[in-house]
Amino acid sequence: MNQSSNVSSNERYQRGWAKLKEIDGEAGEKVIEALADIAPDFARYLIEFPFGDIYSRPQLDLKSREIAVVAALTALGNATPQLKVHLQAALNVGCTREEVTEVIMQMAVYAGFPAALNGLFAAKEVFAALDAQV
Amino acid sequence: MNQSSNVSSNERYQRGWAKLKEIDGEAGEKVIEALADIAPDFARYLIEFPFGDIYSRPQLDLKSREIAVVAALTALGNATPQLKVHLQAALNVGCTREEVTEVIMQMAVYAGFPAALNGLFAAKEVFAALDAQV
Amino acid sequence: MNQSSNVSSNERYQRGWAKLKEIDGEAGEKVIEALADIAPDFARYLIEFPFGDIYSRPQLDLKSREIAVVAALTALGNATPQLKVHLQAALNVGCTREEVTEVIMQMAVYAGFPAALNGLFAAKEVFAALDAQV
Amino acid sequence: MNQSSNVSSNERYQRGWAKLKEIDGEAGEKVIEALADIAPDFARYLIEFPFGDIYSRPQLDLKSREIAVVAALTALGNATPQLKVHLQAALNVGCTREEVTEVIMQMAVYAGFPAALNGLFAAKEVFAALDAQV
Amino acid sequence: MNQSSNVSSNERYQRGWAKLKEIDGEAGEKVIEALADIAPDFARYLIEFPFGDIYSRPQLDLKSREIAVVAALTALGNATPQLKVHLQAALNVGCTREEVTEVIMQMAVYAGFPAALNGLFAAKEVFAALDAQV
Amino acid sequence: MNQSSNVSSNERYQRGWAKLKEIDGEAGEKVIEALADIAPDFARYLIEFPFGDIYSRPQLDLKSREIAVVAALTALGNATPQLKVHLQAALNVGCTREEVTEVIMQMAVYAGFPAALNGLFAAKEVFAALDAQV
């Protein structure tokens, strides 16, 4: 059916793990570790499907993908830990702070001012943590 | 406080109206018309704030903005008419069909397969309507 | 524990049924009828808890209660049939068309412009149906 | 209309209170206590409708009911305290840790990976608290 | 990492396709067909991850899985087509009409009466279509 | 198009700032301050659109507006900080504690008991903070 239909699960896993580290960095690895004692299979699925399948597709650049995720998680408003991981991820793949801030602001139009405000305060925390590392 | 603090509402309205036509095209104008007899002031706010203020900001290109909207509306899953307007808008500002399809597919990871499926079927309708026009 | 703790379920049911007819009118009765062959017990709960218990409480006037419902259902954006019933109900208990329209517009701030737009178009249908009856 | 139409509210309250203790145990009683000074009537409604009416119905076993609640609260993603109460409740009525973990994992398909991840981390806390009690 | 780590994608696909047909039946096959011209890769992911991975796990019986899905989609309230597919699927794997109706009713407690009402009316349509087939 | 179409943005800003202080009081001013270093333009939009435009409209009294907001934010369930600001705001513009508590309780019908419970616990915190100030 397509290019990946003969790859082994092992190849998907390796490809996904490399992609997860490229995009989410250390924050992504910590999520995987945190799943080890409660749902290790779910950690594997998280590596294989979102990262091994979806993020590995060439049809959309990673910067556009992270803009999409930051927008969606800001709008949904019920997944702050994942929004923070992807604010960092957006910076990792080349978005500027100004760009991700702008995406969050735009969500006021589509999901309301509270969703945008909570997204901006999440970004403020992520940026402050980065500045503190320097 | 910033560059627009001295502009009149009239300038915001003109700028917003031009931006709405650039992005949403005819579909956007129809939304404004449909509001005329129920909430004309809301039509004005829709032109002024989202388009006159937000979309007129230079901090993010229109293609990235439409990727953000398509992602958010697919994930929220409760605003199909607006998703269709913005699928068309995304094409208007330079996204390819493949790119917006890819954004919708990616939302399976963040909002589940039903949200992505319903987004894909909305896209299918929008693309079919475009093909029928030719 | 309070004033209603000795009333029989039958009294709750009678009180709820009268309240449902006062607030929702014919549209409410149709919902109850539509449940008869799929979930008659649920029809009874709908009469007893929301109407026999909640709406029968004197702590808030019915007009304020309908403003609250119209706001919530507009913001949630996934219950259009119930929003329409309560737009009619709001008019039944003394809200003006202008007031309910205003509540819906205000939801743009808290749930985004698509939620408000879809609420306004629902109101437009409800108002048109009323005008067609005259 | 049905078997309960002649029961007094007092009977509903007693039946609900017994059911709440059976299902939610101490965590449920604490919720009721926490409502005492802000909304005592709401505590009564919570006992009477969900527990006295719904959970007392014989049409579905309690284990299936808790699977339904864990699924719904994981998917909604905005009611973590109640999800934790029902993760404990699911164990109380006979679900295994493996089963509730599996329900949460399955929600990745219907509500996205962030919802499932946050559900798994809530389960991890509940299970850790149980292990610390021993 | 686990039993499936060496299986080829082809095996996952075959397993998922068989599972999709077992659970969703004809309705599931139609969804796959409908994706063929807009997003064929997404059809493959839908077969592989939800059905080849999640539903193929032995940790939870299919009846419990469908109770979980019906609960979640009723509560989310924004995926009626998928709710209908899974109401049929629930019957396919052994739930009675009474049981799925009961799950939907219970959602009034966790997601409100409008969500439960819309779920019940979806069930009414599914049951009527089944009765019309006989 | 209407009365405000010739006002300058500066007038909207002044009108909005005065309205924000009237409604939200100190809590509102703190939100504006918190935005200063991350998104100062968004602080300006927040003053201009919700407060300078929407809340300044005479078509609905402020008490009804706050009932609408408390209802919506309780029902959405994903914006607790903003709900707390508006619980205080509701009291500022003339609602009683009993009235806002009643609005939150009513949301159990439209968004489920968990949403209402979390709203009530937010109100409990706001009321306790007020009592501690005296």
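Each chain gets a letter, A, B, C, D, E and F, in the order it is written, and its residues are counted from 1.
The working rule: a residue touches a chain if its C-beta (ideal position, glycine included) is under 8 Å from a C-beta of that chain, and two chains touch if they have at least 3 such contacts.
Quantities reported herein were computed from a predicted structural model and do not represent experimental measurements.
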Among the other chains, which touch chain D and chain E together? A, B, C, F
Tell me the fewest steps from chain C to chain F, where a step is a jump to a chain it touches. 1
Chain B and chain C, separation of their C-alpha mean positions in angstrom: 31
How many angstrom lie between the CA centroids of chain A and chain C, rounded to a whole number? 40
In whole angstrom, what separates the CA-based centres of chain B and chain F? 27
When you check chain E against every other chain, which residues touch at least two of them? 41, 45, 49-50, 54, 57, 73, 75-79, 82, 101, 105, 107-115
Which category does the touching pattern between chains fall into here: line, ring, star, complete, or other? complete
Per the touch rule above, chain A residues touching chain D in the complex are 31, 34-35, 37-39, 41-42, 45-46, 50, 73, 76-79, 81-82
Which residues, counting only chain C, touch chain A once they are in their complex? 75, 107-115
Help me check something: in the complex, which residues belonging to chain C touch chain F? 49-50, 54, 57, 59-60, 64-65, 67-76, 79, 82, 98-99, 101-103, 105-111
Hey, which residues of chain D end up touching chain C in the complex? 1-2, 4-10, 12-13, 40-41, 44-45, 49, 53-54, 57
Note: in the complex, chain F contacts chain D through residues 76-78, 101, 104-105, 108, 112-118, 120-121, 123-124, 127
